[in-house]
Amino acid sequence: MSRLVIPIGPQHPILKEPISLKVEVEGENITHVDLQIGFVHRGIEKLVESLNWVQAVPLIERICGICSHVHTTTYCQGVEQLAGIEVPKRALYLRTLMCELERIHSHLLWLGIVGRNIGQEAMFMYAWRDRELVMDVMEAFSGGRVSHQANTIGGVRFDPSPAETAAAQKLLAELESKVVALRNIVEHSESFISRTAGMGVMNRDDIRRYGLLGPVARASGVDFDLRRDRPYSVYPELDFKVIVRREGDVWARAMVRVEETMQSIAICHHIINKLPGGAVSVKAPRRVPVGEVISRTEAPRGEVVYYIRSEGGEHPARVKVRTPTLPTLASFPELLQGVSIADMTVIISGADLCIACADR
Amino acid sequence: MIQRLFRLAHKKSPWILTYNAGGCNGCDIELLGLFNPRYDIERFGILQQASPRHADILICTGPVTIKTRPYLERIYEQIPSPKHVLVVGSCGCTGGIFKNAYNVLGGIDQVIPVDLYLPGCPCRPEAIFNAVQTLIDRL
Amino acid sequence: MLDWLLLTLQMLFFPGLVFQFAGAMVFEWIYRVSIASLEGRIGPPWYQPLMDFLKLISKEDILPKSANRWAATLLPVFSMACVFTAGMYVPFAGTVFDSFEGDLVMVVILLSVPSLGYFLNGWATGGSYSLIGANRSLLQYFSYEVPFLTAVAGPAFMAGSWSIIVIKDYQSQFLSLVFLAPLGFLVALVALIGKLKRNPFDIPKAKSEIVAGPLTETSGESLALWHLTLQVQALIGIFLLVNLFLGKVYPGALVNFLFFLGKAVAVQILLGLISVGYARTSIANLTDIGWKVLVPLSLLQFLVLVIVKGLA
């Protein structure tokens, strides 16, 4: 059969954001993949240097819309460490609460997108309908559905009353029952399994070779979660399970994500029950002493690393961001070799790309 | 009479195409959220299309980066007229928070003509829906 | 003279253009609303398919330079003409424009012409998505057409005639054939989904894979005609199934009419149900389903019918 080059992207229904994959196919099978990224590169790392420490927070939040809170958390955490700020306990708890809410939102979003891409529109509808509940919780807390503006250097910018947390708990309980239903679909639905099982299999060596992170790695049997293994913030005080699976295919990734969502809901309940009183922020100094720091957190898609350097001024001297999507993208040319077009969409969406994070 | 009917049809069946020209995907996920059962925008005949040739309204988010510029132009050309452009998000209107970044050209209107701007960072689904309605009413 | 007038009227109104057009619109709406309500949504208003059609008609029709303009314009017209002609010969609630021995074969063939046109459209308009979609639609065509034919042959065999109206009348003496040939009905239904390129067999136009398949580069009027063709095809296909498998006639014209309509709507909703419940199959799976499941099933059904008829 003749060779065809099909351009996937930058505008293509499986991609929420622009990347470009020039896919060479022979009949239905892919023989070569040419990957291009950088469509949403805006130069945020450079722009941050022209702002002062606090001004940088809203900009960093807009590195990515889905995991916005994790980015600011990582940044603030680093700067606080650099400046030696003692953050109140309550602030840390609230920050972590937001992180977990965001994980729920991100995983449900992903589930919907996968459902849509395998042609099961109903899955998209159900997952996104349930996701609205967690959006409500986030909105009630911080006032924003997607960007929360919740973090600031030295604490958080929201202070929920007991009535608000109680309302949130009610919504979360409702959400839990819905996520259980979704998990049943993922776990038992014949047609979902037939489209995802055995697709894009990666073993532990592949994971290590490409440096993949987060749920993708955990679905291939890599038992690593920053929240447990390099605990930051208040995670040492919370107990939760790290979900690991051995299959390494898209179905395992889906299972890991759904189970993680359940865990996150449990963590949220836990945090709200344990929430200490006190202030939610302390005043941060204008200048940050000379030094450099590396700050790491576990985002919904894997580990986010910030390298922050200060030269003692009002501006950061360098902020370097490393996000988990880039290694995932790097693995595509090999992973997509020889698969059919139909499976390609499953594999691409199964990786849960966040191009805005990767390009910045 | 027939003209009136056609105009009515244009109002009642706007098919949209979304393109992220380089924003954070905050606005995009709110845009997609319009299709979920809570907002259910199909009630008003609005469908998301995959091919530019089938679309009536191009909804753009994000500022234009240097790399996406030619693609944005091409997509705009591929949409059969009458076509309309709605910009969602502050950064698509003017460049917003990314205004001074080195790889950003500015708002969408630097590249293609825009019919309606919707500021907000990110815009709420209700606001986006309202903007689409406003755009339709102007037809 | 009067004959000619009557003929023209029939062609234009009932069961011709207007009737089929309106029916297709209504049924498309039922399909969309049933899907929406299963997904927990409200769904589009009743005039939505009509508005979509009118809007597309009034839009600019652009084609890439590499496309064959003649073919791209004529193919949808030709396909549409075929399904409309097929519609003339499928009885609606017992009334039919004309019938002759063998009209079932003709209807089946006419209904499969659009699939061929669909395939050609992909090649005529060019573009890589269209080409892949075209190849897929041809592959799909081969996997559902044979089971469809075998399934449809069952009722014809029972009634001993290839005329739809005779088959339908045959059933009114006994029970509807669906009780005797449930497998055949199921096979025909699944094959019909394949014919209509609806989820879960929307492989040739899989949105998340190849954008819109052969129709990716089609816009404006041609697109409107293609949508209309598929919608009318759905209507006629459903009417055909109802006639062949659920053909019991009830006394009283109005009662019969309502029952016929009810059955057709039920089939349409069933299609919606299937589409919500299943994810898209891949093309390799489809050929498997077609040749390893549907064909044996329909042959088995045929065998059962042969035995039953032999006994009776």
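Note that the chains take the letters A, B and C in the order they are written out, and that residue 1 is the start of every chain.
Here is the rule we go by: contacts are C-beta pairs under 8 Å (C-beta built on N, C-alpha and C of every residue); 3 or more make two chains touch, one makes a residue touch a chain.
As the structure is a computational prediction, the values presented were derived from the model and not from experiment.
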Chain whose mean Cα position lies farthest from chain A: C
Of A-C and A-B, pair with higher C-beta contact tally: A-B
Mean-CA-position distance for chain C and chain B (Å): 35
Between chain B and chain A, distance of the C-alpha-averaged centres to the nearest whole Å: 26
Centre distance in Å when chain A and chain C are each reduced to the mean of their C-alpha atoms: 44
Sequence positions of chain C contacting 2 or more other chains: 39-41, 129, 207-208, 211
Sequence positions of chain A contacting 2 or more other chains: 12-13, 125, 129
Junction residues of chain B - those touching two or more other chains: 37, 50
Footprint of chain B on chain A - complex, ascending: 10-13, 16-18, 38-44, 46-47, 50, 58-59, 62-66, 68, 109, 112, 124-125, 128-129, 131-132, 144-147, 354-356
Interfacial residue positions of chain A with respect to chain C in the complex: 4-7, 12-14, 25, 27-28, 115-123, 125-126, 129, 191-192, 194-195, 340-345, 349
Chain A partner contacts - residues on chain B that touch it in the complex: 17, 19-30, 32-33, 35-38, 50, 52, 62-63, 65, 67-68, 71, 75, 91, 97-98, 100-104, 121-122, 124
Footprint of chain C on chain B - complex, ascending: 5-6, 8-10, 12-13, 15, 37, 40, 42-45, 49-51, 53-54, 56, 78, 80-82
Touching residues (chain side chain C, partner chain A) in the complex: 35, 38-41, 128-129, 131-132, 135-136, 199-200, 202-203, 206-211, 276-280, 282-285
